[in-house]
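Common to both upcoming complexes is chain A, partnered first by chain B, then by chain C.
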Partner chain A sequence: MSYRVPEHVHARPVQGEVMILDTRSNRYLGLNGTGAAVWAVLAGGGSNADAVADLTTRFEVTPETAEADVMRLLEELLRLGLIISAAP
Partner chain B sequence: MAVDRVVDNTTDAAGLRAHGLDIWAARRWSATGRPVPPEFLAHERAAAMAVLSVLPLLAWIRSVLDGPMVLLKGPEVAARYPDPVLRPFGDLDLLVPRADAAQRLLLAAGCREVWAGYSHHRPALRCPGSPLLVEIHERPAWPQWTTARTDELFTSAVPSLLGVDGILTVPPAQQAVLLAAHSWHHEPYRRLIDLVDIAAMTDDLDPVVLRALAERWALGGVWRANARAIEAFRSGELPGSWADRLLGHHLWTVRDRTQRELLLARWAAGLWAPTPSVVVRTVMGTVLPEARNILRYKASRTLRAMGRSFNPPPERSERIEPEHPTIDRQ
Partner chain C sequence: MVVLPKHITVLPVCYRHSILFGLGVTSELELPLRQSFGPAQVEVVFGHVVAEGVLLFQTDDPHQFACYQQGHAVIVVWSGIRFEVAPERVVVDAEDHDTAAHLLVSAVWSVVLAAHQRESLHGSAVEHKGHTVAILGASGSGKSTAAHALIKRGWRLVSDDLLTFDADLRVVPGPPWMRFLPSHGDAWSGTPDAGGKVRVQPPVSSHPAPIAAIVIMAPEHQRCVRLSGTSAAAALLQQVYNPLLTHPGQVHRRFDLVHALVDRIPIYGAAPRSLSVDQLVRISQETIA
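And then the complex of A and B:
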């Protein structure tokens, strides 16, 4: 499944991290380097499998650990409405 | 590029911060493997948050206020940088025809006043959910001798680069001269980032047109001084004029101004007025009140000391008096 960033959410990379603003809740969030890598894939229309593959090539991490990290972050982003399913 | 050269050759973090170039340094140093002070990174995160906040805040203000609204400085200038995060700002300066009415409407919509106002803008507002402040201006901050009028700014306004419906800004030439005037209004040769701002606005503009506009607004002297400072900054060589060297010494050495330098610069600001009579009036109007404050301060210290001389000495001093009177930075 692929995802996209809703219109009320704005993000900006900063030194390998990402700052995110949700204009509906006026909430600001920061993602660290790993989170920023996952965000870049998902916000670019990639799937969670793409994000796992990206993490395993960028960082010294097993596919199992990368998948667990991606799914945990994805659930949180979906819960906060910072990312939504791109499915029609 | 001049900014890269300056941040490469500077080791004084406080100096870079004072001149507004710390985020530029963070990017450059990070790319070249030089350690980046944590406070630079924190400032960059805050600047990114400010950039993210601009569009929602402007759209919200637009929904509250009717009528023309001209965005000055800050994000409008940052939009001309390679990345707007490189040009930090903490507020939105909005020029409106009826500042008092606009201020009341924003207060009624949930904003609250957080800082005192000045003659040219109402008290700064903190509006719901935004980290940015809003300053409603009835005129830009400019030297009192200028012949520029806000009517001209409204009639020549163009859509803002930020692309928010109904938000205007002044054309680049006016913005550049206003930036120079604003910097001078605070103190001549203020910060390197002020020079970078003006350079970013004027890169593709005709210098003759810029000079003509500055002359028409009686800001020719201010504009020429800024142009010389930008040229010196670009070339990396000291300017030829002794006044530029003396009053801009903190620019060429990338450090914060001392209190004495600051006072001297404020007193000297009027020297760039267009006619001798305006020079005298402006300089005296600046020097006399400040000199009176200093004399009053010294006199009160003397009287207090004389009063204390009749009392037995305390076991230890409870208060430390400042060495110099505080200088109000607007």
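And then the complex of A and C:
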């Protein structure tokens, strides 16, 4: 499944991390380096499997750990409405 | 010399022209600012202001502070004084003009700046050889004291308490004074102003200067450390001068301002009242180098 960033969410890369503005809740959020890597894949239309593959390439992490991290972050991003399914 | 007929009297000039945080002002209310000339973007007039509209915020004691949205204007009520703030006009409804002037040039002006699409942070800035160090922090964190310590080393004041920026991210000069509680020591002797503080008038920098470094004094920083990325952004967002959202687009402008500062300026965190003058000088020298 692929995802996209809804119109009310604005993100900016900053020194390897990501600042996020949610204009629906008027909240600012931040993602650390690992979160920023996952965000870049998902916000670019990639799938969670793509994000797992990207993490295992960039960081010294097993596929199992990477998958657990991606799924945990994805769940949180979906819950906060910062990312939504790109499915029609 | 012009000789006037006896029935003509020259009235005193009631409009005073000055510049406050980069905005030209003409004012019926006497403001403790140097007079200047040039185009005025904001007119300050006396008038009747009704405290009504959509209540945005009020303190527990409704007579102390309240803020209302009234169409395109924002009504600020503070200590019984009412201000109606629109981008080009501020109406002041006050009997105590000293207190009104004190509130106008600081807290109320942050709303005027917001009406002009400019955000502001809570801090002091001092300049030396064309470079500015900004010291941010809550009231009592020691930012003005630290800034004044640098001034005693030959630095010049750019702004105290409220910081705002031009399009090139330079700190815009504020009123030419610093304010201290009389209890801070004999260096701040004098008659307290309407806000209960003593004014000190140090050498000032009258032109915007690029920022060399920002130091944020807050309890969460145990020691002086360089902040980066989202940690720096979060620390800066806590220093927004007036957290209320009074004008459209403010959340975006704060986001853009903080992102630009984190992206371009070295940002440090330090515990309140923890930095010596030497440390501040060292930070500025390191970052300029």
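The working rule: the second predicted complex is superposed on the first by the 88 of 88 C-alpha atoms of A that agree within 3 Å, B and C clash if a C-alpha of one lies under 4 Å from a C-alpha of the other, contacts with A are read in each partner's own complex, and residues count from 1 in each chain.
Simple rule for what comes next: contacts are C-beta pairs under 8 Å (C-beta built on N, C-alpha and C of every residue); 3 or more make two chains touch, one makes a residue touch a chain.
A quick note: this is a predicted structure, and the numbers were derived from the prediction, not measured.
Of the two partner chains, chain C is the only one that A:N32 touches; chain B does not reach it.
In the superposed model, A:L21 lies in contact with both chain B and chain C.
With both structures placed on the common chain, the touch criterion links A:T57 to neither chain B nor chain C.
When the two complexes are overlaid on their common chain A, residue A:R12 makes contact with chain B and with chain C alike.
In the superposed model, A:S85 makes contact with neither chain B nor chain C. The contact surfaces that chain B and chain C form on chain A in the two complexes overlap at residues 10, 12, 14-15, 17, 19, 21, 23, 26, 28, 30.
Residue ranges on chain C touching chain A, taken from their complex, read 228-234, 237, 245, 251-252, 255, 258-259, 262-263.
Within the complex, the chain A residues that touch chain B are 10-12, 14-15, 17, 19-21, 23, 26, 28, 30.
Residues 26-27, 30, 36, 41, 44-45, 48-49, 51-53, 55-56, 85, 128-131 of chain B are the ones that touch chain A when the two sit in their complex.
Contact residues on chain A toward chain C in their complex (touch as defined above): 10, 12, 14-19, 21, 23, 26, 28, 30-32.
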